[in-house]
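What follows is a set of structures to go through.
You will see subunit A twice below: alongside subunit B first, and alongside subunit C after that.
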Partner chain A sequence: MTKTVLCHCEDVEIDELYSAVKQGYGDIETLKRYTGIGTGKCQGKCCLVQTLRILASLDTPAERKTAGGDASELMGDPRKIRLPTIRPPLLPMRIDDILEENGERR
Partner chain B sequence: MTKTAEIVVIGGGVSGLSCAYNLAKRGVNDIVVLEKGYIGMGATGRCGAGVRQQWGMEENIILARESVKIFERLSGELGFNTFFRQGGYLLLVFDEREFELVSKTVPIQNRLGVPTRLLDTKEVADLVPGINTDGVLAAAYCPTDGFCYPYAVLWGYAEAARRLGVQIRVCTEVTSVSPVGSGRYEVVTPRDTYHTPIVLNVAGARTKDIAAMLGIEIPTEPFRHEIAVTEPLKPFLDPMVISLKKGFYFLQSVRGEVVGGIGDENEPSSFNTKSSPDFLFRYAAALREIFPALGKARIIRQWAGLYDVSPDARPILGTVDGHPGYYHACGFSGHGFMLSPIVARLLSELITAGSTSIPIGGLELSRFSEGSITKDPYVVG
Partner chain C sequence: MVLTLPETGCSDVSFGLSYKSMISRNVTFFFEGHQLNGVRGEPIAKALFDAGIKTLSYSVKYKRPRGLHCARGRCVMCHMSVNGTPGVPTCITPLEEGMRIERENYQPVFGPFLTAVARLLPLPAGFYYRSFTKPSFLREFFVRTVRKMAGVGRLGTGGKLRVDGDAAAEEDRTPQGGPRIDGLYDVAVVGGGITGMAVAVSSAETGAKVLLVDEYPVPGGHSIGYQSNASLAASRDRLIESVAQHPSVHYHPNTTALGFYPPDTLLLGPGGSTGFEPCLGPTHTSSVTAGAARRRAMTRIRARSFVFATGAYDVVPVFENNDMPGIFGSRAIRLLLERDGLRPGKRAVVYGTGPALGQTAELLLHHEISVAALIDPSDRFHEAVTSSKKLGDISRISGARVIGTKGKDWISAVTVANGIFRGGDRPAETVLPCDLFCTAFAGQGAYELPHQAGFEFSLPEASLDENRVLIPDRTRVETEPGSGITCYVVGEAAGETLWNRKIDSGKETGKHAARPLDS
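For the complex of A and B:
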């Protein structure tokens, strides 16, 4: 069986995404927290858009359930599928650099 | 559409889901949980998920101790890995006053069965390689404290509750709660309206807003607290490291990230959950001071959540005079996650049997109108 890696940082395969959706963890905010997609070193720049493309291709009611029930607003129709909240910093920043930027040198 | 329920739980955080699970386990049918967003969107999903028994007041120590007993078996009970890891809590002591406090408190914790012990700075350095003990006088260490992955606890409770027949409605915001006579309440959402004899209000910092719909005044205030996360690092840190005086906490998650926060005494009360550069600078400075080698580590993400703070930093639990069938749990002041398993057990006892196996009378809302209140000195941040 071939493996397709979707998120390299958190080592998530595409089949794990399908399985998470099937188990009811399919809205993007929950999916991110359940599989780890988008929470690793690259913070989603490699995997998030691919993830959204796959979510948009799913279309049966069973696939639109999320943890704990009906969440059509969260899953949305493909046009409503969105990125999860993007959080700072934009780039991973070394603590030394953060403090230097704030005027504290070692 | 108007529906009926035995109990309507308002809030799909750890309080709501753990209560729904415990109530269903005690035989209540027809429980509905209403969550305005997704499960854990509020404070639970944003919290540090620390679980500690090192408290100052006996009542708090007992509740936390009982919570840890439940956490220790929770993954098995729920059939869901909560990632509960008992690496201990290491409370660093920075001045004489703190030393006096922990010296006085550790024997109380020990008497109540919590195995805290005092460490000197050499023992601290042995326990946590790479820690900077400059300015540290000593530390209090309880090896059975720990932390979880908060979402795993939420999903575990949610799945177990659903197996017992609990309905969980996400994206379903409560817009009104009112009494409709014959001991029933009407709970309105944009989807359905529920008639129920029992309302359990556990909506985090919004609990007071729901209570206000019934004319109940709850003296809690929301405060933003922020968290930052580093990239994953090799495992180096077993205990959660905290300071009462400096208001920080740092832990290393099971996937290697260092996660932590630091309080800000100038933070005004608000519902603001935006991340701030100011926090990032203060946090980075505090983290590098304690772990100098982490200057080379990268911060990858920061976020914020709300503490629902009560006047004595202790939870508000139970009933309210004049409102039969109404129950609430709020005002956890940053400690709701760690207390949720025992609070859920006690509230489910109260609702189904009318009494609790551990007294919670001191945590009723009415305490605030009865004069003096006592604040636990072991509050961080």
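For the complex of A and C:
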């Protein structure tokens, strides 16, 4: 089966991104929640840049929202990009490692 | 209760050890019940590859085959269940005697059927929380079925995991008075690559107490993938030597920075691999550290300055079947060939631009992999490619883009569009057979820690879309106004690609970071 997969962890196809943008999801945070892009195990290390590139190339009002956070910010610096919130841990962790701190089981 | 970061520099590593010999350390291990042979200490994924197992996992939704990809524990495509522990990155986890290795998201009995169904169904975005929501009993059944089909592995506790639900334990989990502080440094450097080491050494030379953490058991970062570059290897070894000898550099391998909490706290955890013993190819001659113990505990440290020398990821462009096993970025292919001694194919197509295209192709030739074609989406090849004698008779296509790949479980061909064959016809679409596809475009600097520390990013226009990456808007921020705590981004994380400049900018940043803000 031929597919163009944007997010490899969650199997999100590029068409799903386009259709989500068409439906009005233009902000990277809502796109992430709606499509699942960047919510997999790699947390966007493989797909975030491509998603932002595509959004930047779509000259839509939705894209403008993404690019600047809000339109007025965009006026200041058109290149500024809002990244989604990045939460620790930055890599997948074992639960028993998280339970342990400073050599002590919690 | 007490912290495990030792106060004496480098006490948990021994410098100057050469990699142990790979000879006569054959072990047996089990892959889904079959007994296989491998070499102790080599990455599990290499042992599997040598045994002919290239599909390491299946994607969650469509059950597409996934194989080795980033070779450094980032992309999670090689995650497998090892001795009952789920989600082990097999590309960087060393093989040991008697290991039981299983693919996670695949059911041997219903697997083929479910796979066929899942590959055919059009499953729209968010289908798993939008379909069959009513009535509620159907919803419950649906959710259970979807979870089973996705099958991302079972949590193997192995009797080690203890989760206490009682009130006392809950209380213990939220200590009063804020986080315990485990270490205080003048400068904390994240990333033990060429740049990070240069930062650490130059900071330490000014008298600062420096923490250098690196996720991997050996320092050097991506320079490990440049064994054939003698001058780079020499610079790296000099830096390793300086790190080892400087008493105020506290170097901790196998330690991952998991998050930054402004204004001044860094969370550290275990590194990506468990007691890695790298098996470098025969070209490796330098002395590096090896065999440091895996850090188990989470640790918090504070510092006055933080330097993020976190390097960059490969970015593989988006095209049809871009998730096919056999597609590697330029960093990944270097690590596989030069660090692991793994030849993932015999006939390669290289897709990229600038000098990196030529360097990647030359590396493949050096490892006796034939290069079928060089493809550059820009109008002309870089001088380094056109003038290279080694690349003389390889067919070149410029101004063309790879629009798709073909293959079943491994790449078998790439499709190129709008190609202009040098001196030949002008086919609209060309299919090039190959069993290895390498890309060589700009890497994306690791943006996570800098972003948490307050750096903003922009996506500047580039002449090629494939080279467009997020760049931090500054190289230095104060984490909170007036706090005096500064963070720096340096090296490839800040977009620097030339090795010499990485070392120079690392040294410069190290001096700045060690200096109190007011002087």
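In this text, the second predicted complex is superposed on the first by the 79 of 106 C-alpha atoms of A that agree within 3 Å, B and C clash if a C-alpha of one lies under 4 Å from a C-alpha of the other, contacts with A are read in each partner's own complex, and residues count from 1 in each chain.
FYI, a residue touches a chain if its C-beta (ideal position, glycine included) is under 8 Å from a C-beta of that chain, and two chains touch if they have at least 3 such contacts.
Please read these numbers as outputs of a predicted model, since none were measured by experiment.
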{"item": "Which of subunit B and subunit C A:Glu16 touches, first, second, both or neither", "value": "second"}
{"item": "First (subunit B), second (subunit C), both or neither touched by A:Ala56", "value": "second"}
{"item": "More subunit A residues in contact - subunit B or subunit C", "value": "C"}
{"item": "Contacts of A:Glu29 with subunit B and subunit C, given as first, second, both or neither", "value": "first"}
{"item": "Partner chain(s) touched by A:Ile81 [first = subunit B, second = subunit C, both, neither]", "value": "second"}
{"item": "Touching partner for A:Thr39 - first (subunit B), second (subunit C), both, neither", "value": "first"}
{"item": "Subunit B versus subunit C as contact partner of A:Thr4, first or second or both or neither", "value": "second"}
{"item": "Doubly contacted residues of subunit A, that is, touched by subunit B and again by subunit C", "value": "10, 34, 36, 40-41, 87-89, 92-96, 98-99, 102, 104, 106"}
{"item": "Subunit A residues within the subunit B interface of the complex", "value": "10, 25, 27, 29-30, 33-34, 36, 39-41, 43, 66-74, 85, 87-89, 92-96, 98-99, 102, 104, 106"}
{"item": "Subunit A contact footprint on subunit B (complex, rising order)", "value": "12, 33, 35, 37-41, 45, 151, 155, 158-159, 162, 167-171, 230-232, 255, 275, 277, 280-281, 284-285, 287-288, 294-303"}
{"item": "Contacting residues of subunit C [partner subunit A, same complex]", "value": "1-4, 59-62, 64, 66, 69-70, 73-77, 79, 85, 87, 119-120, 124-126, 155, 160-164, 169, 172-173, 180, 182, 215, 256-259, 267, 269-270, 272, 296-299, 313, 315-323, 404, 444, 447-449, 451-452, 456-461, 465, 468-470, 473"}
{"item": "Residues of subunit A touching subunit C in the complex", "value": "1-6, 8-12, 14, 16, 19-20, 34-36, 40-42, 45-46, 49-50, 52-54, 56-57, 77, 79-81, 83, 86-106"}
